[in-house]
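Letters A, B, C and D mark the chains as written, and numbering starts fresh at 1 in each.
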């Protein structure tokens, strides 16, 4: 805990609230039929995105999955422009071309959510390669899921990163399901991180609901990467409260499972810690909630009133 | 005649083939107990068990190649690739293995593999979940490719694909999953030949060839052309991209003298190009006017509904283009 | 003018670009110290070091995707895929990542990636090492595709590809690796525009469009047609499959009225189909006779020399087909 | 050694000689310009192919790499038809359509050499899947190289095989190079088999020049597979005496390396053992050499006089 200042901790708490409110709003708007396409929410996994990104600078890179809202917000993305993207508006980060599944803010080092499971990992290798070739001192973090860990590119990426000692952290959010199937369908081991020795890199499995544990584990991996000692593999055991996509009936979840997990809400757990170990007053936490909530309401209002893209731009940005 | 939805026809076809031949197995992400993201495999795991209806990890390259290996050794694997866009992840087993093994082993093996997937756009799924990539496979000798557009065709072509001793790619359309249509009664063992196009509407003024979802758009356009402009369009559903039944198309163009092809795939080197090339090669003189293609612009599929609507060819656009040329 | 072999022109282009721009890096199997299986990267590792000229493990999907990630963040990766057939192993990073990222991120990134590979047949390399798959990529918006057929074009197009801010696929021909040709002197910074076809021989009786290796065959056929039959063929080297310069072709067909396309790729949905489609769409009336394609039969490339010789279009076959139609 | 009978050992010795003579003849004919295309020889690696296949029945399957002559001969392929295939003749196994890189005898369970590095592994998964679904009791062996171990499909295949407990053995011939680059370019670990724990399967690294070690290690893995206990990973450290392809100048090999390895010739090593532990007379071994050599000479003669395929068959076997 020594490494985490109160100020940093409060920033992390805010970020977790921001993600929660952002995604709750998205869920509500999706249900109302206001958001088109598919959306994949990370509610319940906020400690991962936030604990990871709190250890990074804006010059550092992250690559993300189809479940990328939290990653984008935690890396510093603007909720307004993100929400506008989910609403398919011209004011969105990608002018409504990409939507939720490709949410990105490259200016803050968030290189994009991606619809192809596994590709976040070699794309992260590429970002780390740039850092290495340019000697910029930046590091990259590649988020992925336990489902993605079965993809060939996961292996190729970890192998290359190790061979080339890249400044990279592979961060697995093992949220118990990949689409409609459980962990055991995808991984024949108790822990994805147990594969780290296969790449001669450190591997560790942590409680992904404990934002401080995520932060501290990441700090070590980032330091290692920055020092030129190569990649690490971190697996955070976490849980998605919602379905794979909004609208998913979630028949594959055992009864009561989600409720049990909700009782271990990572935000509540962090708040207990903030009160007990960081001496933060309950009122301060409530204020944070209120402010983040209203910021997200403003983002929704912004997105709702924003204009649609126009068909004359259909071929914009196909070529540079 | 019974009525089924597109995904139900899919389910029935697969169930019938699993019941008919114990060498048929089903593999893919979420095809097992959960019954698939579109309910397409619902009930099959319960009926046929986990050995034959098997959830895979997310490893398209690996499990399609495994299916090729299984097909070479006596099974008839039916493999799901959830979205057509993910065919990019298993090109090698499809193109360098399944398509070539029989040839390159001098006939020592057959590869009775079926790979099916859900493609096309129209559901705001964005650039990586809306593609129509069938033309790639039409270019590869050793593969067959079908594009059923109605529940009846799903039933008939999917069953034929599973029985075919060659690798067949079945390209279903996400957007049609809930569409209803007439199919032969339960109990009837209905198949359709792979490699045959069908005339869906007759007419003497122009031939419109539609692929998958675009058959409906073409039919709607034809109705409005008939009503509003007294233009009688013949509409052909191409049904198989490979082998391509150009005879049916040429026979039609012989009468109409005019040809227009509509598909969701991009124009360059697409099936529309192939059809125009074959008609030009084989029946150049019967064309009374330049043939043409109606396709999306040369850009990825945009997420925004207002953009995707403008992006995809519509009945209105088809009608307008034809009116512009014929009226 | 200097004289260089095809692979030497390749090497010079890459060396010049590595020297010109420190963001250029080279990645691939055996591109490093060993200098490549065709000596194509010889000397580059020694000159530019292992950080910028990097051997990869055998992981085409992974390292092409890594190159995309590097391109998004400020490098200009040049990536080797040894044989064109292995493009099947990296379709996702090419098609779903490199081609789409700029569009789907709303212009937030550019992807200045060059992927090069050695394709085509003629060296008895068999079904999995002889393919020409360029048409697949011509169908994908966001990509560019070039097919240089001479050392000069290798030099000019490869350098342009590396400087292009878009992902460009350079399809080189194995069979031409040792072919010599004139190139601008060492020291001259020579580039050629991507997306332009060139007339290699003028003539008024028929337009032959050749792709890659088939340009030479077409030129040889044209000479024999001139000598033996007084038929003057215009021969066009298409040079870029995407963007495709159809204007040059149409301008030629306006004069000749006849069109024949020759390529090593399979016919269906190939670049020949696309050219016929565009000419039919845009200049149907100038065609005095049916256009046609000369391609291999619809079968994988056979290993046996006697079979591969019969399989690939030859100058003799091109000459005969044209004689049969024109004489 | 208890498991290996004298008779079986002598059969293995013969098979090793057969492979050696077959490939020496192919090398000579290639040099003379009689063989078209590329060929990849496994001289020096014979103990792997032979030790593996000696534990299999004709109902068992193997899948192979671009370097597959030895595998095909060891599994029972006919040298005549193989040589005819290398000569691109109609009498070849694939009627001259495939050549060396696709050598196969499906009737004896050799499902083919393959030109795409890595694909032997998932293809082997498929063969094992057939055995499992049909309950046939057969096992499959997938040969691959240390270079192939970096390919995504290697991971996907091992993961699936483990998840599904398939009757399969992954057999890695780590012959120190992948094309023109050394082991270290491809694998960040001392041993490929050290990756077995990442798939919850047994892994072992053995001396691939010791045919008895290969045989005994395989026996255990095959027994495990047949018993339904799932896959294994075996890595045999071996060495290719020739280049990656015939004609390869082999500049990447340190001076004297090949010579040193030749002094540890697996055939000579096995012969010493046969004499010392199996009581085989030198004359018997010499006779075996003579017979195998002349059988290969006959195969070459057969191939040389065989007829070419004819172009009218260009589209044969494209479709069934």
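By definition in this document, a residue touches a chain if its C-beta (ideal position, glycine included) is under 8 Å from a C-beta of that chain, and two chains touch if they have at least 3 such contacts.
Note that the structure is predicted; figures quoted are calculated from it, not measured.
A.B. asks: Which of the two pairs, B-D or A-B, is linked by more C-beta contacts?
C.D. replies: Result of the comparison of B-D and A-B: B-D.
A.B. asks: Approximately how many whole Å separate the CA-defined centres of subunit B and subunit C?
C.D. replies: Once rounded, the distance between the two centres reads 30 Å.
A.B. asks: Mind checking the centre-to-centre distance between subunit B and subunit D? Centres are C-alpha means, answer in whole Å.
C.D. replies: A distance of 41 Å separates the two centres.
A.B. asks: For subunit A and subunit D, let me know how many angstrom lie between their CA-based centres, rounded off.
C.D. replies: Between these chains, centre-to-centre, one finds 46 Å.
A.B. asks: Please tell me the distance, in whole Å, between the geometric centres of subunit A and subunit B computed from their C-alpha atoms.
C.D. replies: 36
A.B. asks: Where does subunit D touch two or more other chains at once, residue-wise?
C.D. replies: 94, 96-98, 102, 114-116, 150-153, 155-156, 159, 163, 185-187, 315, 318
A.B. asks: What parts of subunit C, by residue number, touch at least two of the other chains?
C.D. replies: 57, 59, 61-62, 85, 88-89, 92, 96, 103-104, 126-128, 141-142, 298-300, 303
A.B. asks: Take each protein chain as a node, join two nodes whenever their chains touch, and name the resulting shape: line, ring, star, complete or other.
C.D. replies: Contact map by chain: complete.
A.B. asks: For subunit D, which residues are in contact with subunit C within the complex?
C.D. replies: 36-38, 88-89, 94, 96-99, 101-102, 114-118, 147-148, 150-152, 178-181, 185-187, 251-252, 308-311, 313-315, 318
A.B. asks: Which residues, counting only subunit C, touch subunit A once they are in their complex?
C.D. replies: Listed in rising order, the residues are 25, 51-52, 54, 56-57, 59, 61-75, 77, 92-93, 96-97, 101-112, 141-142, 144, 165-166.
A.B. asks: Please output the residues of subunit B touching subunit A within their complex, sorted ascending.
C.D. replies: Against subunit A, subunit B makes touches at 29-30, 32-34, 37, 55, 57-59, 61-62, 85-86, 88-89, 123-129, 297-300, 302-307, 310-311.
A.B. asks: Considering the complex alone, what residue numbers of subunit D touch subunit A?
C.D. replies: Within the complex, subunit D touches subunit A at residues 150-156, 159, 162-163, 185-189, 194-195, 197-200.
A.B. asks: Considering only the defined contacts, which subunit A positions touch subunit C in the complex?
C.D. replies: By the definition above, subunit A touches subunit C via 61, 63, 92-98, 102, 104-107, 111-112, 114-116, 119, 121-127, 129-134, 152-153, 155-157, 159-160, 163-164, 315-320.
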